[in-house]
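Here come two complexes built around subunit A, the first alongside subunit B, the second alongside subunit C.
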Partner chain A sequence: MHKDNRIKLLFLLPAVLWVLCFTIFPLIYSVRLSFFNVKIGSPDEFIGLRNYVHLFQDQRARSSALITLIFVCCGVAIQMTLGMALALLFNRPLRLRGILRTVMTMPLFATPIAVGFLFFTIFYEEGGLINGLLHLNVPWLSNPYWALASITIVDIWQWTPFCFLIFLAVLQGIPAHYYEAATLETNKGWSVFRFITLPILQPTIILVLLLRITEAFKVFDIPFTLTTGGPGTATQVLTMYAYRVGMRFFNYGYSSAISVFLFILVMVVIMTLFKKIRQTYQ
Partner chain B sequence: MYTETKVTLVVIVIVLVALAVFLTRGCRPGEGTRNGSGKAGYQHLKWHDDGGVDLITFEDAEVIHLSKDELGTMFGRGKKPFTGKRIAVTVNNSGPKGGISGPLYRLRPAWEELTGAKLDIVEVPLAEQLNKTITDLRLGVGQFDGFMEGAWYMGEYITPGFIRPIDDYIPDKRFPQWDPNWLPPSLRNIHTWEGKWYGTLNDSDGQVLYWRNDILTDPEWRSKYKAETGKDMPFPTKTWQDVIEIARYFNGKNWDDNDPDTDTGIVMHFKVNEQGMFHFMSLSAPFVAMGGDKVDRGTNNYWFDPETMEPLIAQPGHVRALEVLYRLSRYGPRAQAAWDLGTAWDWFLRGKSIFVFSWGDVGALVQDTSRSKIRGKLGASVLPGSYEVYDMNNKRWVKLPQPNVVGNTTGGSWHGVISSRSENPEVVYSFYALMATKPVSLWNVNRGWTGVDPGASIHFLPPQGTADLRGFVDAGWNESDLRFYLKAYHDNFFADTMLPYLRINGAEEYWRALDQNLSETMIGRLSPKEALTRTAKEWDEITNRRGRAAQLKQYQRSIGYGR
Partner chain C sequence: MEALRTLKRRHISSWAYILLAIFVAAMTFLPFYWAISLSVRNPAEAFTVTGLAVPFVQYKPTLANWKTELATGETQKALVNSTIVAMCAALMTIVIATPAAYAIARFRFRRPSNGNIALWFLSQRVLPPVATAIPFFLIMRFLGLLDTHIALILLNTTFNLPIVVVIMRQAFIEVPIELEEAALVDGANHLDIFLMISVRLAAPSLAAAVLIVIAFTWNEFLFALMIGTIKAKVIPVHMAGAVDTRGVQFWFVAVRTLIAMTPPVIIALLAQRYIVRGLTFGAVKG
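== the complex of A and B ==
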């Protein structure tokens, strides 16, 4: 092999090792664990598909999967819609646009754990910020439906700016003469959006959707700090259930099966979206 | 070009090695927690001519005097028997001024001066404590020498032999002196396993009933109660039904003039995956637990059938108790379904609730006027009973002439145990024993913020114990509050019948299943019967997965069945 190639490989090696050690190995190890009954300090016992069979019989796992799906669908849909609306608004000449844009993006930089605790005080029912200021009596955290709505609202608050930023960047890259030409045909804003803006944005929308769905499926910190999965199991998402089963009850095999299931679920969604992107570009 | 690349590679390697060394050094347990390690500009020991010593606490610079006899022969002026040794002890992550961990920080500098050893306090979140320590022990890493454990960890530690008995150390005059006989049998039980001592005296947890004594003894409120209900106020409360009656009457009225808002009858904490299940355990005890000299399915038993490991949690006694708890919860704030312990306590301290049943911390926090508006207005007693108890042997309800009052050791009773992997067990024990001496233990109990609650005879006032009223009053206690408080705890821990404690492998998992179903009941998704039936089913699954035979054997050992 040529010396230069060897040097290139040498430089690549740390990155490859990193991916092998911290991405590929844990993934393979997790899949392996899911077929075993694991007790730390004792030999692992191979149990075949029993963890997966249990997963589909486990009422708590089913309930967590449903909660996760509701959270992802509602949260991501609202984030995308709001992000788009804000991007369209900020794409126009606006006073204090720069300042407002900066303020808008601030939630992105907040640590989710801190956000969870912050919203705990905001949603506090007896004189918290919202109920206290607006003289409301909303059971934000003590009612199962409101609790799920609360964690979704926090996620929307934190991640709408992400959608907004990316949409805005693309919108600002659309040449002005497209719109100038369009105004010769129509003066309806909706038609311009429908036939000019949206098609240009479509690949970006799918990309943002893909990123947000992937992240939303993995949500953990916000429900963990805000509701600890309750009341009851109303906000116990799959990641939290896997954490509890593995890290608190030492059932690592079953916990791995839940994680693998979640991984497959996310992969299916991603593959579908990738297929859509490919079709769009073709 | 090639030489430049080599130089770059060498630099990268050096940086990586330096980073690795830095990270490895930074990973020493407790290295980041040396902020309570003394050297605050003063010495932490002051020796007396008679061989006694004043321990001077970290930051507060408060003085705790130990006589020569209490100190043990190993220690003395100029003696530092453990010089060069270093130990690491895990504890809940409450910080240098928080419950349970705080006293370790306060005493560490004095102990280090006394012994010459170093103590690393390793704070671990409650939710991760068992996992972290068990993983360390099972993998044989042994980075911790001791653990300030909750009593329900005992089964996880004992069976594999992860912790070491201390029977040989306790009578050893070389160590600081404390007496296990100070503890009542109820608390001795959770510090020992099959007669062997593993834990030292520290915290004593149990739940008692607290109430607003100023309101419930106010003649005006009593006459209003009679006028509205046609009955005398059932106070002092004897049964949970009495508590419900009073809570129902006061709920929704503005009986406290601290604010213009309405107040509640009771407050509890049902935030899921926290400590709500402890409310159920304590309240259900009189409907389930029957005392006596033996241990069998229906006597001195609560959790499982000691012959089959069948869960008993859905038995009629337990179900009725959950119905009572649910009814009682209707007279508290709606938000309590999502409240943790601290939030519920705060509600009571702000004068918003007539009743709360909880741990000893409440009595102590009431004295802190920066948080509490009810100092001097507190009443307390052992938890109420029930005139009917379900006999699980004969499967029938038994009516009693007097309420079945059952004490409890609900909670962690956080105390030190020594890892069997520790190379310095004597060093660890010397620290625990110092914390257990009468002067240090009393210092902790006098100051409520320490999270160390009373339970031993040295903590109670005469005639029940030997403590001095002045110690409490000097620490800021209101005398009336204190007398209620100490009597309640004495009656609780010395009760004839006690709620058996669950100390087997997976105790936490069993409790979490109960907790989630309890929470589902509190938000109206499951009826009490459904919740407990589902709990029993989940307990069976847990038992099967962990191995029924092993679980059964351990359960029998933990409750003393067949002995």
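== the complex of A and C ==
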């Protein structure tokens, strides 16, 4: 640490001001909008909690919230489990591991909107890749339940490698003598995993869980392109509903209420995981 | 005998691992392969060729779709727009975020503490972008910035600023402080030290951060869809619009998919060594 110096504020302030202007201010604006009835051409009308009352009575909002929760829970749970299993399996000297790691890096930054369109051709029911290759007749996109499964599968395809790479990185950082010492005591693979590997991995598991949950709640591009929220509204996640209410029906007040609700939902989930993650950064 | 048996078992299981590795890699790569395969097919063969669609065996590959798509003015414009926005956003983010990261890494803050400041930046990532979408749209409309590059650059700088602050803070912490202290003794000021010594020592992380910002900006869709519809149309918005108007033409969809994906995928491969660290905001060393 350098000695105290006023210049530290000069370094820090631009970024802080930027966040205040472009994140905190819009967020406050959003909360304000959610208490108003906003109509183009006439002044905003304060309506108190009426947008929120509407939100809790709105069948579509409720089903969107449910769809979002199912998508987040199933998707993240499967990604984490698969990623962990693969990381444990491939945490050994293996000539192919470098190649495997390289291939697994590819989906991470693949443009989500392009991924959505690409999987549209893959899930396409007649002549698409999966049904064609496996001689199946699964209604991937036209059946509400399969459509929800489809967007979850895309998320799993894109983000399992993320979990895998992080877990593998941590596993490789565990010094070999930990295991050597452990194998003197026991030769059961399970107890080595339970008492050595798992405690070391625990902060990482929470971290990955946290990162994946926050990102999964933001999902928009994949359902927007793959299913356009359909069939009907079967895959209309909360972000998409807020977008439609705001940008298609120009109901800015109600759209903001949905967004604020989504934000609170994410915060509640995150806060429960928050305390443990705090230690990693301090 | 016993030794031979374990040897044999180990041998078999190592084959099983290799097969599994190939299978996992194949599943991950399959969609990319499918996109490439679709993009070099004749439109007539997009639906008639089924299964794995092996080129040369099941159909004769052609570059016609690529030529048509790349010759389209709209596509070229979207590519140029995406490049401008991504480059400028990366530059802007680095200029604002790196000094802040340096301050948090090198100076002691009391209230709030350094850890809390870093956490405050990081917590911006929790906010779903859609929660600020409508206000952003209204603000940009008020400023007359709708459908401009500036709006998209401002926006992507905002999204990526916290990531870069956290990544670079970690990078500065890991750079030895002794050189900076020596320079201070020699009478250099903090700004010079920051620019001449610290940034240079942290250059690999900085490069990785730049690449990550470029990739994220390139991929950003929700705000680009709301703000940049005609003049400032970027690649993702161009893709979404094109499918609406042209119907489902898989061969063009595949070409566009690859045009959109290739730069960020290459970036991911380039930054491979730093990607785990970058995506966990420095918490896990890759």
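Please note the rule applied: the second predicted complex is superposed on the first by the 266 of 282 C-alpha atoms of A that agree within 3 Å, B and C clash if a C-alpha of one lies under 4 Å from a C-alpha of the other, contacts with A are read in each partner's own complex, and residues count from 1 in each chain.
Following the convention adopted for this analysis, contacts are C-beta pairs under 8 Å (C-beta built on N, C-alpha and C of every residue); 3 or more make two chains touch, one makes a residue touch a chain.
The structure displayed is predicted, hence computed values, not measured ones.
When the two structures are aligned on the shared chain, A:177 is found in touch with neither subunit B nor subunit C. In the superposed model, A:204 lies in contact with subunit C only, and not with subunit B.
Shared-chain residue A:110: touches subunit C; no touch with subunit B. By the touch criterion defined above, A:249 reaches subunit B but does not reach subunit C. Once the two structures are overlaid, the count of subunit A residues touched is higher for C than for its counterpart among subunit B and subunit C.
When the two complexes are overlaid on their common chain A, residue A:7 makes contact with subunit B and with subunit C alike.
In the superposed pair of complexes, A:143 makes contact with subunit B only, with no contact to subunit C. In the superposition on chain A, A:227 makes contact with subunit B only, while subunit C stays out of contact range.
The intersection of subunit A residues touching subunit B with those touching subunit C, taken from the two complexes, comprises 7, 10, 124, 126, 247. Interface residues of subunit A facing subunit C in the complex, by the touch rule stated above, are 1-2, 4-5, 7-12, 14-16, 18-19, 22-23, 25-27, 29-30, 33, 86, 89-90, 92, 94-97, 99-115, 117-122, 124, 126-127, 129, 132-133, 157, 161-162, 165-166, 169-170, 173, 204, 207-208, 211, 214, 217-218, 220-221, 224-225, 238-239, 242-243, 246-247, 252, 255-256, 259-260, 262-263, 266-267, 270, 278, 280-282.
Interface of subunit B with subunit A (complex): residues 2, 5, 9, 127-128, 130-131, 134-135, 137-140, 160, 270-274, 333-338, 347, 506, 508-509, 512, 516, 519-520, 522-523, 525-526, 542, 545. Across the complex, subunit B is touched by residues 3, 7, 10, 37, 40-41, 60, 124-126, 139, 141-144, 147, 227-234, 244, 247-251 of subunit A.
Residues of subunit C that touch subunit A in their complex: 14, 17-18, 20-22, 24-25, 27-32, 34-35, 38, 46-48, 50-52, 96-97, 99-100, 102-104, 106-109, 115, 117-119, 121-122, 124-139, 154-155, 157-158, 161-162, 165, 177, 180-181, 184, 189-191, 194, 215-216, 218-219, 221-222, 226, 235-236, 239-240, 243, 248, 250, 253-254, 256-258, 260-261, 264-265, 267-269, 272, 275-276, 279-280, 283-286.
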